[in-house]
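Next, two complexes with chain A in common: one pairs it with chain B, the other with chain C.
Presenting the complex of A and B:
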């Protein structure tokens, strides 16, 4: 099973929301669509689901052109950012509704819903209304509904963004077990680079509706094609060094080390990261972020250095990577 | 406990505005208070109530009022849902259409009833004129007992549908669009989407509309007073009009109060019944479908 989109564009009035976007998600692969808000990632998902139609381009599911067929025939398992559970129906009926309207027999409905409820471990809550569930439980119901659709493609629209950080981390293995292990292609929309790195096999970074770069998390981190990707992937954010000869140089905070022969700096701010500290330095090449041992204090003077080979260089006008 | 006293001023106000008139009506209903008694209330030991039970005109009016109320409210609710669904679509000039559609509600009842009286007029009204093209017989809308009541229902629907539409429209806008989208992935059937999502989620707005309109239609007076005066042959007379006639024309306040108090009980029963019925439907279609 595969999902391919080919040169799709969508505009609202004169504004291009998505422009000439192409990529393929392979069998069993999870592709994260990553980008800041308004970059067109959710719009892309809606085009694939058939909730909107593209102005140009084609969507293929299993090599079949589905651009003009209605959403129901595309067999999409979608998890909405808001979960979109029906507030007036019990968890059981929420899950059974889709089967019911497609004419599945009552006996089959009960069988299939019960089995899916046990997969997501919510059997004991089947009579509750969505409003009587916690955020994590609602999310699992939304996942169960997508599973129950027995889809060709999974589309997840920021499935974790309504949950707190701890719950998010707890639910990641659940999401892997339920959805990412299957043979269907999974498209995972998120604005959280950490989540994208954790969940996806490959990441597509979008900017203003255009594909900036697509690759494995490691490729994006090691070999960003533009300054935008370099600053979007990797936390703490990459350091931008002063522009020289129309070239932006950038160095990752984790590549910087203390070196008595290096550039002298003063500590202006520190943030705890747990094991170590994120340190903000003031120097004659501007403000620098680096990761340090936890005994660094504000106003301390230190000298830093880094391996020149770790530096990334970008053209200052196009912000594209120079090799 | 002492905090409960804080709602006392509100309770007193409610009693003065709602409780006192009802108690006063009941008190009047067990007294004779008419021209014969010099308009002073003298106890007559339930004679008004016995008269009510044997008053054929009153029972006919009751049936006519129920007929008017049921037809008017039912048709209005269905029409209002249809209009609200249309006004909830995205189309050019939607704002203008929404504003225009509320106009009938904004007109004072007497003014619009006068308008309808001319529209229904024989032989000068437009309806009769159109009919006269095809037939030499006129319908005599407002003078035919079998048709006049339909005309009153029609005028009432025309006036109050916009208001219900507005309530339903507000309800429609509270339904998140992603519910419809989630449903679209499961089924392309718009009718199923309406019955499985829209209607159940509109339920609180439907209850408000139905109970509100039941009460209003059951007490109809001004529309009929202007449009037909209860005629022809009393075929459009409502309980409200009959109570008005007893008090203001026959100057029998005791009997008028009896009619009003009885219709109060009847209407309360209707509202409770409607509420129970709607809740029963909700329980059937909500929570568990299987």
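Presenting the complex of A and C:
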């Protein structure tokens, strides 16, 4: 099973929402669509689901052109950020409704819903209304609904953005176990680079509706094709050094170390990261972020350095990577 | 706290005063209404109610007539308005937009201007003297406002819900029936009550379309009581009839209180 997007574009009036976007998600692969809000990632998902149609380009599911096929026949398992559970129906009915309209017998409906509820460990809540469930439980019902669809493709639209950080971490293994382990291609939309790194086999970074770079998390981190990708991937954010000869140099905070022969700086701010501290430094080359041992204090004087080979260089006008 | 309580009581009295006056009048003897010095023992009477209830045909007949017309008109309105409201909300082009403006204009149009031409239509097509046909103009006049109210209810529903249903493979009619109609129930209830209230109170069309005394609706019957004598106006009986006519409305409002309030405030707060 595969999902292929070929040169799709969509515009509303004169504004391009998505422009000439192509990528493929292979069998069993999870591709994260990553980008700031308004970059076109949710719009791409809607085009694949068939909720909108592209102005140009084609969508293929299992090599079949589905561009003009209605959403029902595309067999999509979709999970919404808002969960989109039907608020007036019990959890059981929420899950059974789709089976019912697809002509599954009543006995089968009960069997399949109860088995999927036990997979997501919510059997005991089948008679409750969605409003009586916690956010995490609702999201698991939404996952169960997508699973029941027995889809060709999974589309997850910011599936965990409405959950708090702890629940997100609890749900990640669940999501892997339920959906990512399958043979279906999974498209995972998120604006959170950490989540994309954690969940996806590959990441596609979008900017203003265009594909900025696509690759494995490590590739994007080590070998960003543009300054946008370099600053979007990796936390704390990469340091931008002063522009010289129309070249942007950048260095990751984790590559900087303390060196008595290096550039002298003053600590202006610190943030706890747990084991160590994120330290904000003031120097004659501007503000620098680095990661330091926890005994660093504000107003302390430091000298820092880094390996020149760790620096990344970008053209200052196009912001593209220079090699 | 105490100050608030007084303020609320004052507001309540302000709103309820006309109705309380009506109730007071309905239990008063004719003498009591013109002579404030009359002794307390001689002021009160049930005579007005007895007179209204024992009239020929009996008063409950009009209540039933009005209820039949009201339920009919409300059902016709809702059955026609729900699909149109859904459609007008779905179609996003200039035609739908101008249609909304037209509906707004229609709902603001003073319908009283139409009653003569409606009477001509009733005569031409022989629609007079029937409670069922009387609900047709009522439904027609209520439709514009009903469509507008319901379309804003559809508009306030989260888009994700319908899209989730589309992806599940739930067809349009099933979606409307199983997902959307239950979710706009509060708006449907308040719209239904607005339509019912209109038919319950409507006078000129009811007066001109129905001449058979057994089929007249409440407002017409009440007006007949007021005009029943050349020499006096029977204020007491008149008041008693309006009190009786208001009771069903109060029951409906009490019954659907929750739906009406959530319907009226829908869209005020994001869920």
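Convention: the second predicted complex is superposed on the first by the 323 of 323 C-alpha atoms of A that agree within 3 Å, B and C clash if a C-alpha of one lies under 4 Å from a C-alpha of the other, contacts with A are read in each partner's own complex, and residues count from 1 in each chain.
By our rule, a contact is a pair of C-beta atoms (placed from the backbone, for glycine too) under 8 Å apart; a residue touches a chain by one contact, two chains touch by 3 or more.
On a predicted model such as this, the values are computed, not experimentally measured, just so you know.
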item	value
Side-by-side fit of chain B and chain C on chain A, or clash	clash
First (chain B), second (chain C), both or neither touched by A:106	first
Touched partner set for A:96, first chain B, second chain C, both or neither	first
Chain B versus chain C as contact partner of A:129, first or second or both or neither	first
Contacts of A:87 with chain B and chain C, given as first, second, both or neither	both
Partner chain(s) touched by A:274 [first = chain B, second = chain C, both, neither]	neither
Partner chain(s) touched by A:242 [first = chain B, second = chain C, both, neither]	neither
Superposition-derived comparison: chain B or chain C, residues of chain A touched	B
Chain A residues contacted in one complex by chain B, in the other by chain C	49, 51, 71-72, 76, 78, 80, 82, 84, 86-88, 97-98, 101-102, 145, 149
Complex contact set, residues of chain B against chain A	176, 178-179, 181-189, 192, 196-197, 200-201, 203, 285-290
Residues of chain A touching chain B in the complex	49-51, 70-74, 76, 78, 80, 82, 84, 86-90, 92-93, 96-98, 100-102, 106, 109-110, 127, 129, 145, 149
Chain A partner contacts - residues on chain C that touch it in the complex	158, 160-161, 163-171, 174, 178-179, 182-183
Complex contacts: residues of chain A adjacent to chain C	49, 51, 71-72, 76, 78, 80, 82, 84-88, 97-98, 101-102, 145, 149
